[in-house]
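Both complexes shown next keep chain A, but they swap its partner, so chain B is in the first and chain C is in the second.
Right after this comes the complex of A and B.
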């Protein structure tokens, strides 16, 4: 039943072209969004730009709760809503837009492995620093996360979120890690990415893929976001090819073509 | 002289007032029975002592207020009547399982020849009672497990805990009730609760966690309630297919509101009244005591009943309400009014008329609804005087409208909007009274004035609920 449904869904969505009104939803940019959500949102925006699919960015205080999976970001295309990069890639593929079409099976497997690495290491590290490092949680994460709400709901929701993330960290064995260990994990992750990238413009040579979008989203956000400590950004800055990779994608996809 | 035993003139329902059971459907007991002994009837008596036997944790000062009127009786009939009243008052406190009254001549030292002693023999309710109920709300059934601590501090205070495991969601609530000494109707209730509801007509799920404090008191012929409520509301989509308009309402909000309710109810029964009228006015102001929901909400309910020929009853009701947002934030889907269904405008599906988006009903900021019913006993009156009296046949005519009001337009435009595209329906059916709290209806309905987007229920419609148009 599932397969038939999925097939039907794909054929139906494929029939409709990409609408002008496609919208990406994320939390409020100035006062609310946190590093990890900002990175995920930027990754999706980069991916859609690489595909040449226009999307309007809408900032909503309740974006997290509007999202069908509870994760940031999600896109609304026609009457469909899809959240997170993975499903969005599938969704665009069904509409005939794909960046990884030209890859062979081995490359595709490799791409998936690196994306997993990034989600498991870098994204988890971001969440750890945001919610498990007491200074960051108290000075940045809790105040920003709860900024749209009035007291006492603000306090309640912020601690509820913190508790939820910490429980998840404990479940995956990150609960006992120290901040230093987490920074070390980030370094290792960057080292792996840096080695894979080498001197190529993109991870799979000339053409960007969803992996490039994901890496760009996270690294660029970390480099441009002010936290209580600059340690996280410093770890990335020691890999010069990653820095120029970020710069390249920013220039190619995010700077006005006219100027 | 013998003992007059004024034993249990009529059994009062032992479930407390929290079930909404009102003693209104019971005929006043006929206590003025013709006394056999003429000697006693006119003789002046003095109530010398009033005893209360069987008190455990109940504080006496609570009861002295309730029984003091017995001392004012001047003759035996009066003593019996006053004792009966006192007994009723004691039972209403909801702390005794049984109250018996024994009236005897005074004995012992200082006994007057015409002195009487009145003894109330009471049996207290247990410290902790459990209950199991099945509840019927508006088209939703649930199993309710309740724990009650009656008279917990000895002055008719009550702590109740309810856990309801519903067909749709699970909810719980803890409440503390305290009446004023000697004025049972003047009371304070504190509540803590979590209620989760699913509203498929809006593809919406709502979880409310709240605290409230309520003060009720009678004023002239009305009963008044002042309430403060703080609720943390969490809205979410019921399904992935929910419309985007509902999705946009998802998330958390905090409502802190002050509300006032006034009720005048002189009907003889709340479910199938034969006479009397009901007026209910409710107003709620949210946002001035904190929270992010800001609105003023007003609504009313009027019902008039009149018995006509052959035990048939004509009943007319009118409901209306208005929700005004304060500030520039639009109103929330959780605060708006809904209309339609077997308990309001029959012939339409539950809450399925008015503003909607992709099949999800979003509610409206203004509404009115009127109903005209002719209730008659069952044809040929089977089971008369017994089971058959729980049933009525009825003919009905319902009408109403629900819409959003643009507040720039002024009251004239609002009225015009509410008078456009009126939904109405008529039909006939069978009504079954369930106790004194709910009723079931099986109707044949013909909906009229259907607008595009409304979901109708043409033909047979079944309804269960506690509030009916």
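Right after this comes the complex of A and C.
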């Protein structure tokens, strides 16, 4: 069994090689995980596959509360626990695995900027649709989020989460946005990504970087997840180079393992 | 014809047309795009409490938030991004997102939550620009908004404590400044030979950090080592905000009053001097009367 308290021993021992027992934790895949967490988890999985680092995926109903930062997903490598893509990229770099080593300073600036564009617009839009659109919140987000718990805890936790996300939306000025405006933001974000990608296979041509992993995680999840409305996926489908980008990464990094 | 546009924003100081980052973004973009905007500072009015700043008023419409105001100006054909390619437009969005996610939290912290800076720079400035009794309310309202924004966006559930995130937001911000410095390189502007939206955003967020005299800020000292970014700010100030902003005009007015006063005084002293000299106790040993220091003709350059 694993030690839940492993994150207490967060001393960086960089020299240790990547162990076979590395594990990625996320909420239950079938009836609990939400779109935004699923996207973040897929992005990390894609990143680790691009690095050639094996990881076992473990679904835990209390993954959110096991994570040291409260964010999904997190990985346990040896006795260390790291959550979210950014810190995980730094962690693998300390162990000698990096996808962005070959980029120059200006390219690295550009890569980080596009990663923040994704967090700033697409991830925020996902959270907005999940928790601030009443239909989605009532039919999908609250029931799924609270599925492992029994009443009244389930109701309490779901509303607590919704309240927290809504406070965040108000703080960043998204509280007053309409659903239509949010879809418009998604379109703008996708258009920018599509322009930047152009006809290249990856954002920095031949080799994928963490930006490719992040974009893939979000776009692929949106395209394959059923919501109350298909509008979100439709917005992405108008950019054909983004669609073939998703297919390329799926085929290259995910399909051989599935068979 | 274009209707008159009025921009409500916080006023200027520290050699800047506005000390408020979001106001500064809009002012810079308006100057870059050649939009004629009447600037009405909200200083010393009740709007310091009630108005959302910056706000652009044009006819019946009121637009808030820098991004929306810039979009509105573009629709009025004041477009500083006209010559950008689609790819450069995408880069603009990405770098603005980078600044908002990585630099802005640390700037909010530096000005509103760092106890020393808040007590000696930010609170006195905003309190002195708010009419009584709002001077007790306005600064702390901003500080509270900054705190909750940082905690809700960067804090980690379930504890949400500010000390846990301070280290992270400052290292993020320093990295962001470095990335902007790499991207700018030795150029004058981010894209080509004229300034665009991205230049307005970078200038708006960075210039107050550069120009304010903060008692404690590691971020400010970090910025001062990035020569190309500080040169970028000075360059925009010189090219797009001179003749000098209103602050300096009031300083000039004060200076004028002062010279007038000194003139009067020196006239008085001269008279006294004359009286003394002509008095029988003192023999005049230096009979050359100095020409008055600041007679009007000699002080104004030709």
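As a working rule, the second predicted complex is superposed on the first by the 244 of 259 C-alpha atoms of A that agree within 3 Å, B and C clash if a C-alpha of one lies under 4 Å from a C-alpha of the other, contacts with A are read in each partner's own complex, and residues count from 1 in each chain.
In the analysis below, a residue touches a chain if its C-beta (ideal position, glycine included) is under 8 Å from a C-beta of that chain, and two chains touch if they have at least 3 such contacts.
Since the structure is predicted, the reported quantities are computational estimates derived from the model, not experimental observations.
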Partners on chain A (chain B, chain C) - clash or fit: fit
More chain A residues in contact [chain B versus chain C]: C
Chain B versus chain C as contact partner of A:76, first or second or both or neither: first
Which of chain B and chain C A:149 touches, first, second, both or neither: first
Angle at chain A between chain B and chain C, C-alpha centres, nearest 10 degrees: 90
Touched partner set for A:180, first chain B, second chain C, both or neither: neither
First, second, both or neither for A:157, with chain B first and chain C second: first
Closest approach of chain C to chain B (Cα atoms, Å): 9
Contact footprint of chain C on chain A as seen in their complex: 69-71, 105-106, 108-110, 112-114, 116-117, 119-121, 164, 167-168, 171-173, 188-189, 191-193, 195-196, 198
For the chain B and chain A complex, residues of the former touching the latter: 232, 234-237, 240, 244, 247-248, 250-254, 290-292, 358
Contacting residues of chain A [partner chain B, same complex]: 60-62, 64-66, 68, 76, 79, 81, 149-153, 156-157
Complex contact set, residues of chain C against chain A: 65, 86-87, 89-91, 93-95, 97-98, 100-102, 145, 148-149, 152-153, 156-158, 175, 179-180, 182-183, 185
